[in-house]
Structure formats: C-alpha cells, structure tokens
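Both complexes below contain chain A, partnered by chain B and then by chain C.
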Partner chain A sequence: MELFLQRLFDGLSQGSVYSLIALGLVIIYRGTGHLNFAQGEMALFCTYVVYQCGEWGIPLGIALPIGMLVGFVMGATVEVTLIRPIAKKSQFAVFIVTLGLFQFLNWLDGAIWKDQPLPNSGVGSSQQSFPSLFPNKPDDFVNVFGAAIKIQSIGVFALVIVLTGLLFLLFNRTKLGLSMNAVASNAESAKLVGIRTNLVLMMSWGIAAAIGALGGVVFAGINSNVNLGLMFSVFIYASAAATLGGFDSPGGAVLGGLIIGVIENMAAGYSDEWIGQELKVGVALVVILVVLLVKPSGLFGTAKVERV
Partner chain B sequence: MSILHARQLSAGYGPVTVLHDIELVVEEGEIVVILGANGAGKTTTMRAVSGTIPRQGSVELNGHDITKLSPDAIVRQGVAQVPQGRGTFPELSVHDNLRAGAITRHDGSAAVAADMERWYGQFPRLAERKDQRAGSLSGGEQQMLAIARALMSRPKLLLCDEPSLGLAPLITQELFAVIERLNKEEGLSVLLVEQNANLAMHMASRVYLLETGRIVAEGSAEELSADDTIRKAYLGF
Partner chain C sequence: MKTIATIKSGGTASWAIRLVTAAVVVYLMFWIPTSASNGMIDSCITALTLMAAAMSLNLLLGYTGLISIGHSAFFGIGAYTTGILVSRYGWSPFQTLAVAFVIAFVVGALVSLPALRIKGVYLALVTLALGLVFPQLVKAQKLEWLTGGARGLDKTGFRFTKDNPTYEIFGWNPWGSLRGENVKPFHYWIAMIIVIGVYLVCRGVVKSRAGRSMIAIRDNETAAAVMGVNLAITKALVFGLSAALCALPGSLSAIRTGNVTPDSTNITVQGAITFLIVMVVGGAGSLWGPIIGAGLFVFITELTGDWSDPDQIPGIIRPLFSWSNTPPGSGIFAILLIVLMFVAPFGIVGMWRRLVARFVTVTPRPAGTGTIESVVSAPAEA
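And now, the complex of A and B:
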C-alpha cells in the first residue's frame, strides 16, 4: 500500500510535467492544426534561461516568470516568422519546419551551455542543483497513510491543477478564450465575426510555449539538473498524453498526462523484470497505438460533428 | 451618403477574374438584392465587399475607404456577413456562437446579454438548443444561428449570401420576414444575394442583375419585373 501510494504520487508529479507539455501541444493544435515537434525543445531553452538567471543570482520567483516570458516571446515569434508564412504555402511543410526548429534549438542550447548536466561545479556553476519550486530536501516528506510522499510531488500536482483551472477560465470566460475556440472551430468564420485570427494564433503559440517553459522548469527541478536530452522522452510522453486525452481538449491533455505518468511509474515499478526503466518509453507508444485503434479522437477529443 | 459604395470593383480567384468593374450602391435603410444565375459572380461580389478575396477598385463604407482593410477589420467597421453555407462554429454551443458574434462589441456584457435574449425571442428554436453544439443543428436552424450571430455585432450593414440555400420554402419565408422587419423597424441596411428571385424581389428596395460578372440591369423591383425580357429570363414568370 505504501509503495503503491508512493508510485502513484511519483507518477502524478511526473505526469504533471507531461500534462504541461501536452497542454502546449493541444493549444497549438487547436489553433492551427499543427503538431509542434519543437514544443519540448522550446521549453528546454527556457529552462536553460532559468538556470542562467540562477547563475546571475536571480531568485527562482523572478527567474521563472522571466523564463515563461522568454517562452511566450519565442512562441509568438516562431508563429509569426516561421509558421504563418510557410503554412500559407504548404501545411505539410510546417511539420518539417517544427522538426528543424527542434534540431536548431537543441544545437543552440548545446552551443551556449555545452553538453553536460547543469548546474555542474566542474564548470563553475554557483548553484548546487537546479532550483525547485517546492521543498525537495531529503527530509521534505509528508506521511499519507503510512507512505512517505515528497512535498515536491504534491506541490507539482497542485500546480498543474491550479493552472488547469486558470486555463478553464481563459477558454470559457474570456474573449481571448472564446476567440481561440472560434478559430479552432472555423478560422474563416472567425474572421467574419471580426476576430483578429492572426493575433489569436500568435497568442496561442506564445501561451503554449510559456506553459511549456513552466513544464521544463518543474521537470528540471524534479531532476535537479537541466541537460540537452531532458525533454526527449518528455515530448514522447506528452504526445501520448495529448493523443490519449484528445488533441483538441486541454482538460484531456492534463488528464492524459497524469494517466501516462502513473501508468509509466506503475509499469516500471511493478514489472521491473520485463519492462523496467529501459522499456518504459515503450509504454507511451503502446498507449498511443491503443488509443488510435480504439478511440482515435481520444478520451475527450471531439469527433467532428456536422449535419448537412 | 450611401452606406456602401463600390466602384470599379473587380475580383477573382488566382488568374481568373470573375467580377468585372461593377458599381454597387446601398443607401442607408435599403434592402438591395443581387440576382443572378449560378456562376454569375454573386458570392464573389459578397467576398469582394467583405474583403475575403483580393480585389481591385474601391469600396467605401459611409464615405470611408475600406478597400485596404482586412476582413476582420471590416467587420469591426460595422459590416456583418452571413456567409454562404452558414459558416457557424460547429464545435461551439449555440450560445457561444452568439457570444462570438458579439466579440467586437465594447458596450458591456449587459447590453450583449439583452441582445442575446432578443434573438432568442426572435428565434425560439435557438433558445431551445442554446447549449447544443451548432454542428448538430438542422440546416434551417444553422441559417438562423448564422443570421442571429451576424446581428449580435449590431451591424450597420448586413451581407447575406443566399440565405435560402438548402432551406424549405416556409423557413426561407420566415427568415426573409425577420430581415424585412429589422430593416423596417431599425433601419438595418441589407445587401442580399439570391437565386430565389421571387421571394427576394418582394422585399427589395432595389435590385441588381448580375450576369457573368457584370451588372446588366439595375432598378426597383417593379421596374425590373415590368421589363418583359428580364422577367422571362431571370424571374421565370
């Protein structure tokens, strides 16, 4: 029982990171119908920025908003300068562009911060470990039914729940959210009711990248360092989460992320012999496969309805 | 001053020009109907006015040049369009479709809510289906929704592209009655494109006849139906 609860909470906090990246994927997909392959790497760049701020002595409370702002600006800029002009010519080309961006950003991170986990005292980092949003010293546990649950796990999980609530309000109570929903549903008609669709798409990419930045920082905090490969598997899990939840459903993305996180941890924990740590990425692919076969629109995605 | 004045308006798709140098005027409080056969360029005219396709010539709204404006900016100037094929937001609820229609307004949520109640009163079917997704409505209901949504922006000029398309005659009559009432009671100016000549002629202040992208006749409904050749060729009676 204790072990189960521990794995459950570990899964939920891991899954929270997938949820954050998946949210970004879904927000972009709803707006423009594109799968942003660079979502994880955009988040990674911002995570490095937060590390760098820490090196300059800026506390996390300020560094995190800076990182998210960098993410927002990067996302918005990418949409305006790369995605928009290319989508006009070919939708398929956008897919290649986001792949290229994935490569470019990873190369850029490597060029600036070198290929090593940071912070690293060997290269003169002043920080001991990547700053965590929540207490994560070895004795920061709470006792839940006899299981020792990390305060960090609970904090990360709570953070995602709060963020989901805020996004729910954004999508259902604000004009920007209504515009985003309208553009997702029918971009041509959105223009005909006076919605500035270009602005909406730019904002969507910005918000997606900012949420991704938050995900990257949280994950580096759990991981206690940032490195070039940090987001590779996260991106795969996040894609599985978005597929599971439904690619056009933000709530589904969050739930999908949490489910994938828990499945991953349970599978690796309980069947150590034949799944273990090495094969657990495979679990995500199995989930994608099963969802696509059984319910292609995902748990909460909308199958197109149209009466003619 | 006319509410809409298009001069030497040409437009088309890629290398193909569909509309050739037409001049179009809608005076304040008029219902102007553009009649024409399939492929005459009626929808293209609408798109050229609303700015959704590239166009040459000039379009003035209340004397202001709107030729260079983007479609969404033109809507914010007070021109609402009911596109052909309805163009509702299928995944959004009926209620959210109407909210989206009011997105350009800045006169407060109370005024928007009051208008919404008004159109629900006008179209009770929409009120019954308020929380249903627009995509699940019948064709007639979607057309009503498209019109109600356009009216939510409190337009000065309403562009309607073949509202009767695919609708039962009775529902078309109902729709036209609503448009006519709005025109009479609130002075809403309307530019309407139709194939269904008989119904549209009844409420038209003036009629343009469009043939292969050119205006071939113009006048009041009485004048046009008095002309034998036109009556036989276009009105079919």
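And now, the complex of A and C:
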C-alpha cells in the first residue's frame, strides 16, 4: 500500500509534466491541425533561459515568469514567421519545418549553454543543476497512510490542477478563449463572424509555448538538472497523452498525461524485471499504437468525419 | 529567361551529358580511395552510410508519402545483427548483410501493419516512439547476454592480420593493393557497393509498376485504390524494403567501426532525424536527392567541425559563429532545411531541375515509344 501510494504520486507528478507539454500540443492542434514537433525543444530553450536567470542571481519566482514570457514570444513569432506562410503549401511542409526547428533549437541550446561538440545521443551530456519549484530536500516528505510522499510531487500535481482550472476559465469565460474554441471548430465560419483568426492562432502558439516552458521548468526541477536530451522522452510521453485524451481536447490531454505518468511508473515499478526503468518508454509506444488502432479520436476527442 | 538550348531526350546531346556525368562520378569513385587523404576517405564512408540510409527512407517518405522518424531502429537492427553474428557466433561480416536484410525486412513489414490504418503525422508519432524504444530495448538487462547491454558489442568488424590474405580474389587484392595494409579503402569499397546496390534497387522499384503504385498512393490514396492499387500489400512491402535497405548501412557501420553501442548517433532518434533532414534537403522523391543531401551534410559538418576554435573560422563570417564553442554544422543545416522548405520544397534537386528548365528545354520522346521515364518524373517536378 505504501509503495503503491508512493508510485501513484510519483506517477502523478511526472504525469503532470506530460500533461503540460500535451496541453501545448493540443492547443496548437486545435487551432491549426498541426502537430508541433518542436514543442519539447521550445520548452527546453525556455528552461535553459530560466537556468541562466538563476545563474545571474534572479530568484526562481521571477525567473519562471521570464521564461514563460520568452516562451510566449517565441511561440507567437514562430507561428507568424514560419508556420503561417508554410501552412499554405502543405501539411508535410509544416511537419518538416517543425522538425527543422527541433534540430535548430537543440543545436542552439547546446551552442549557448555548453562548451563541447554536440553529443551523439543528446542524452546524459553536460548536465546543469537546476533548482526545484518546490521544497525537495531529503526530508521534505508528507506522511499519507504511512507512505512518504514528496512535497514536490504534491506541489507539481496541485500546480497542474490549478493551471487546468485557469485554462478552463480562459477557454470558457474569456473572449480570447471563446474565439479559440470558435476557430478550433470551424476556422472559416469564425473568420466570417469577425473573429481575428490570425491573432487567435498567434495567441494559441504563444500560450502553448508558455505552458510548455512551465512544464520544462517543472520537469527540470524534478530531475534537478537540465540537459540537451531532457525533452526527448517527455515529448513522446506527451504525444501519447494527447493521443489518449484526444488531440482536440485540453481536458483529455491533462487526464491523458496523468494516466500515462501513473501507468509508466506502475509498469516500471511492478514489472521491475521485464520493463523496469529502461523499457518504460515502451509504454508510450504501446499506448499510442493501441489508441490509434482502437479509438483514433482518443477518449475525449471528436471523431473526424472524412469526406472524399 | 530565354531558352538557351533544346535537348532531345535520348538524342546525342542527352547521351553526351550522361556519359560525361558518369565518367566524372566513376573517376571520383576511384580517385577517393587511391589518392585522397585518410581523413577524407573516412568522411566519404560516413557520407556513403548516410546516403544509403537516406535513400531507403526516400523510398518510404519521398515516393510513398509514409512518414517515418524511426528509421534509426532499422539502422540499429542492421548494426546489431552484424554485431551479434560476428562477435558472438564468429560469422564473416559479409554473410551477415543478408541476414540483416531479411530480419529488417520482416520487422519493417510487421511495423507497417498498424501503418495501414494510421496516417500522416500520427504515423510519425508511432515511428518516433519506435525509434526511442529501440536503443532502450538493446540496453535492457534481459537482453544483455545477446546485445551486450549499455556497453554494446565490440570486435564486430573484419579482423585484419598484417598481410591479410583472407580477402584476396585469385591472389589479387583489389582493396588492399590500392593502399597497402590500410583498411579504410577496403571499408570504402564495401560502403560504395552497398550504396550502388541500394541505388539500383531504389531505381528499379521506382521506375517499375510498383513505383507508380507508390507515387499514386502518395499523391492520392483513394484514387490509387480506385485504380486498382492494393494499398495494404504495397505499403507493407515498401515499408519492409525500406527497413531492409536501411539495415545495410547499419551493418556497414558495425563492420567499419568494429563496435556497436546503443548510444552511437545513427542508432538513436537523432540519427533518424538526420536521415530525414538529409533526404528532404537533397530532394524528397528524387533518386539523386538523398545522395546530394548526404554529401552536403557531411561536407558542412566536416567543414565546420573545427570551428569551435574561432581562429579556424574564415574571416568574413567569424563574428557570426565565434560566440560559441559548439561546431555550427547541425544548426546551419537546420536553417538550410527551413529556408529550403520556403524556396524549394523539392530540395536541391528540385531547385536544380527548375533552374535547368529555365535555360534548357528537354523535349521528351514521343509518347508510346521508349521508356516512360518522362511520364513518371512529371508529377515530382510540378
């Protein structure tokens, strides 16, 4: 029971990170139907910015908003300068551009924050220690039914819940959010009724990147370091989460992220011999495959009707 | 722009151009192992490895329109098959190529089964996950007896003795005699043979009935099905073939470096992304695209490799790159990729074709006779 609770909370806190990145993916996907392969690397760049602020002596409380602001500006700029013009050509071109952005940002991070040549695998190279958002000393535990739960896990989980609530308000109670919903459901009609779709799309990318930045900072905090390969696996878990929740459902993405986090930790914990820490990325592969084959629209997504 | 020349396809001028190109290519092919420096031969082998991998991906993505960011897994299957058979069971490296081909074909065809239902970027997600899983799988403790775990395998290449008599052909050693006991030309020739083989297979497939089915699937799947293309079988076979061809350069890398580790560049996802970027920069959906892209990629990375030292950067662009200690190769290539998507979606080859078309008019042979080459290449140029 204790072990179970511990794994549950570890899973929830990791899943929270996946939820954040997945939320970014979903917000962009809803608006334009594009999958942003650079989402993880955009978040990583902002995480490095926050790290740099820390090096300059700026406290995390101020550095985090700075990082998110950088993310917002970057996301909005990318949408306006790269994605919007290329989207007119083809879906494939957008995919390639986001992939190019992925490669470019990964190189840029390495070029700015690291002295060695780009690593072969990207994983495990030059790690910089990173401060955690929540207390994370060896004795920062809360006792729940006999299980020692890290305060950090609870904090991260609570953060995601609060953020989801805020986003819910944004989507349903503000003019911007309602316009985003309108553009998501039918861009053409939204334009006809006077919604400035371009502005909405720009804002979606900005918000997505800002949320991603938060996710990156939280994840770096959990790992207590930031490195070039930090976001590789997070991105695939987040994609699995978005697939599971449905690519056009923000609530689904959050729930999907939490579910994936818990499954991953349970699988690694209880099937130590077969799955363990090494093969838990296989969980993402299996989830993506099963969802796409059985229910391609995910748990909460709307099924697409295709006309030929 | 005025047309400067008109060339008849299959005419004298056309054949003259082809002959000159072929002569230059063949000359270079022999010049490199015999006269170039060791470092350059090494870069060429790297480029050849990348070419073969990018060509195999081109078959899948460029011609059939199925996105894969997991080809590093098939590359890894090739490397590990060779590695395991050579180091654990003492096979000769050449024999393992065939086994690697077959294993990768089967795995590729199996992976394609879900691909029959999954489309577009979702397929990219599935293959990306596959690419991430593979290095973890070979690292897994349960498989350590076979794959060597995180340390990988060593002694996976040819074992050379001082006067290596084993690889002579009727007393003549075509590779060794080019450069004494040096093994680099030998590896170069293996790489060259693999690249030529992969090229010929790709060319054969693309210009055949199967190739036309693939292009039809890429351009309009529904229409292709209506026209009688068997979607499931075509996709599965292309996926299998592409995976199998990608395993060959994987085997080559094991033979060449003499060891296989789960962290080597081309086995991780970074490798799959490199294959894809190289192919798109060169020109997706054209036979020469991956070759030119891979050549350019290795050229740029080699050229900028020592730019971590600001003094090595040429004067004019020094301020641009001197701020970082990281060689800017992959960054430059990423920017090139993004810029190319805007100005030339069909890559360097597409740009070249457009440029040539401005000045030279190529009149195709009258329809109904000769090859159908011009008909096939038409949609790619549009």
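In this text, the second predicted complex is superposed on the first by the 288 of 308 C-alpha atoms of A that agree within 3 Å, B and C clash if a C-alpha of one lies under 4 Å from a C-alpha of the other, contacts with A are read in each partner's own complex, and residues count from 1 in each chain.
Assume a contact is a pair of C-beta atoms (placed from the backbone, for glycine too) under 8 Å apart; a residue touches a chain by one contact, two chains touch by 3 or more.
Just so we're clear, the structure is a prediction, and the values are computed from it rather than from any experiment.
Taken together in the superposed arrangement on chain A, chain B and chain C fit without clashing. In the superposition on chain A, A:Leu293 makes contact with chain C only, while chain B stays out of contact range. Set against each other, chain B and chain C touch different numbers of residues in chain A, with C touching more. Residue contacts after overlaying the shared chain place A:Ser185 against chain B, while chain C stays out of touching range. Using the contact criterion defined above for the overlaid structures, shared-chain residue A:Ile86 touches chain C, although it does not reach chain B. In the superposed pair of complexes, A:Gln52 makes contact with neither chain B nor chain C.
After overlaying the two complexes on the shared chain, residue contacts for A:Gly194 are found with chain B alone; chain C is out of touch. Judged by the touch definition given at the top, the superposed model places A:Ser239 against chain C, while chain B stays out of reach. Of the two partner chains placed by superposition, only chain C is touched by A:Gly110; chain B is not. Per the superposed model, the minimal spacing between any CA atom of chain B and any CA atom of chain C is 17 Å. With the contact threshold set out at the top, residues 308 of chain A are in contact with chain B in one structure and with chain C in the other. Chain B contributes residues 50, 52, 70-73, 75-76, 80-81, 83, 87-92, 96, 99-101, 103-104, 133, 135-139, 149-150, 153 to its touches with chain A in the complex.
Within the complex, the chain A residues that touch chain C are 35, 37, 82, 85-86, 89-93, 95-97, 99-104, 106-108, 110-112, 114-118, 120-123, 232-233, 236, 239-240, 243, 273-274, 276, 278-279, 281-282, 284-285, 288-289, 292-293, 296, 308.
The touching residues of chain A, when paired with chain B in their complex, are 175, 178-179, 181-182, 184-186, 188-197, 248, 302, 304-308.
Within the complex, the chain C residues that touch chain A are 65, 67, 69, 114, 117-118, 120-122, 124-126, 128-130, 132-133, 135-137, 139-142, 222, 263-265, 268-270, 273, 276-277, 280, 308, 324-328, 330-331, 333-335, 337-338, 341-342, 345.
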